[in-house]
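Dropping the structures in below, format is structure tokens.
Here come two complexes built around subunit A, the first alongside subunit B, the second alongside subunit C.
== the complex of A and B ==
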């Protein structure tokens, strides 16, 4: 899910940086700094998630957890994901410094969308609706990220439909697994600590 | 029909790539041959990966694909800095540069001559083997002997993720959190 350096065209890189910067500044303005530890915990979760490989079939896939970060952090997903991606690119050479903006936007924007769309249902009274919304948040978090990445590659020259379909098929198991993870966490947090699901605002 | 099957196969091959974050490329020169290997961050080889070799003016000198072991080798095309680019599509790209100084002088030895085994050269009188011929044979044998060792070394050179990096990263995040909270607590006073 990390685009390497030297693949994308300059306009895509620049608009990625602009979008990520805008998201981060709004995120930092909306963030309640008394809840910084929560943001740090989610940033570390995201940082480590891409190292967790789930063996499926001949190959293995890794978690992304955009949906989970989104529903717990809301707007603060932007700064959290930026920090995590920066460290991933420095320490593991995943992605790269020039593609940081694009990668950050590709993963933080879906997180934010999941928060905006599903947060009400997840915090609602109806348990079964909350479960469905939780699954969809995990599922769509990955799906939207894939679509944004495919679009970024398409503008820089690769065929959008083929690439998008390829990456979508490859990530289908991740989407389902993350849907289940988010569902479990939502069900647990609704009972144990419902205020964690309200976003960091 | 055949085309469809080929398409399907190439889809399957490239599918395995999308699961990786990063591909790495390593290249080392042995004699007049450059060995490159492309691998994922967990050390698995990248099969059927496009490799392009460029000179400093970005002119493409040659191209090829990695084999089942993620390896690709080629004879040195020219004595310039060689930029080797591995492109596994879908946002995965890696490159490495071999400096001209690491490359041997290009000799126009014809291939059949190189293949001739040592024994078949007429060794009637030891003084008759001229020096250049001897050098060439020696360097050939040494290259052959050193090849497995060079392999081992390049395997050791591979960058994979270590636990220290992971724990270090988490440490950075919490350090940053500490800084933010410290600044906030000062402002509150």
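== the complex of A and C ==
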């Protein structure tokens, strides 16, 4: 999920950079050097997962998994997502340098919120609560990201309000599919490797 | 699929100091993103095209990349003219397209492509080792430098792993459709990737410790700033700054 270059207003871009920088500096400080390989390899996995296209009717969507990124990477979501976005812009020319801040914040902040809110339930003893929390993490991860992106567009100019609205509506099915996929992954990992869901940082 | 097609090549831009390339790309992107006059934006667009021409990239790949990333821009052209209030130029049924809306859409298209072209010429032409080395010199924190290098490195490894699972699914006759079975299958695919990666990350960590990892990114070849690099850098920076001044001092 991206906002393109050349669309947003200066104040929005600057706030994005400030917010992302703050998040990244906390994230990096909380991440010990010993954790870098783990954060990196898990982040690479999410990078690859975002290349997977899932069919929806005649079209397809790519996985975002913001909520799951948060659950697994915790505070390290910020620097990990920043690097992933940088790589996307270098390798595929999706997004560029000036929107890095806004785009990083739009993905990493929801990830972090999902971690703070749902991590306990997902790792709890109660299986059905974990299933619900997994769905909500997947759903809210995308929802919050879309809301931040729509807000960034709407603040940048009145003419973008229609675009923002369309983006919100278009992502509704995405939120549901992400919810289903994340909760399935959560159930699987609770059985196969519970410590993976504890959050790296 | 995730291979960078623009690093191979032998042009002046490819040999240019990556540290300077990053700084120019950053400066260029910021000034272009903040521009709001068509003549200024157009000149940045031309400047970006010149950079791409100097770097002698394969036109076919370049063109296909630009087409893909311009799909979003197409979407803008369908909406902006009709949602921007202003002088009506034409209408389709009850939808009225405004002049200001069309101009705004044109501005965005030019800015976007200028920045993308500049990024291709200045960022995508660097091998990842050099980029990592350069961001370290430009003051990125050590942990960030490691993340950058390792995430790139393992994205390729895990992508191969993903291809294996995908091919296995295909061999068993899996056809993705819009149903719960497909979504569950993809969920298990990602879960398996995560599982494998988690175990791999332990191996990577142990291997790094065995090799005496203390948190420093070592490099064998160091950058050497040449006079030619400095000269070209000053020329480009001056060009961008002049355009910015002309634009914002309302000389245009």
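Simple rule for what comes next: the second predicted complex is superposed on the first by the 188 of 201 C-alpha atoms of A that agree within 3 Å, B and C clash if a C-alpha of one lies under 4 Å from a C-alpha of the other, contacts with A are read in each partner's own complex, and residues count from 1 in each chain.
Here is the rule we use: a residue touches a chain if its C-beta (ideal position, glycine included) is under 8 Å from a C-beta of that chain, and two chains touch if they have at least 3 such contacts.
Just so we're clear, the structure is a prediction, and the values are computed from it rather than from any experiment.
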Superposition on subunit A - do subunit B and subunit C clash or fit: clash
Subunit B versus subunit C as contact partner of A:28, first or second or both or neither: second
First (subunit B), second (subunit C), both or neither touched by A:49: second
Touching partner for A:4 - first (subunit B), second (subunit C), both, neither: both
Which superposed partner A:193 touches (first subunit B, second subunit C, both, neither): second
Per-residue touch tally on subunit A - higher for subunit B or for subunit C: C
Subunit B and subunit C footprints on subunit A, overlapping residues: 2, 4-8, 33-34, 36-37, 39-40, 43-44, 47-48, 51, 83-84, 87, 91-94, 158, 163, 166
Residue ranges of subunit A touching subunit B (in the complex, touch as defined): 1-8, 33-34, 36-37, 39-40, 43-44, 47-48, 50-51, 53, 58-62, 83-84, 87-88, 91-95, 149, 152-153, 158, 163, 166-167, 169-171
Touching residues on subunit A, where the partner in the complex is subunit C: 2, 4-8, 10, 13, 24, 28, 31, 33-34, 36-45, 47-49, 51-52, 54-57, 63, 65, 72, 79-80, 82-84, 86-87, 89-94, 96-99, 158-163, 166, 177, 180-182, 184-185, 188-189, 192-193, 196
Residue ranges of subunit C in contact with subunit A within the complex: 1-4, 25-26, 29-30, 32-34, 65-66, 68-69, 72-73, 75-76, 79-80, 82-85, 101, 104, 107-108, 110-112, 114-116, 119-120, 123-124, 131, 141-144, 146-148, 150-155, 157-159, 161-162, 176-178, 180, 182-184, 186-191, 193-195, 197-198, 200-202, 204-205, 208, 214-215
Residues of subunit B defined as touching subunit A within the complex: 11, 14-16, 18-19, 21-24, 41-42, 89-95, 159, 161, 165-166, 168-170, 172-174, 176-177, 180-181, 184
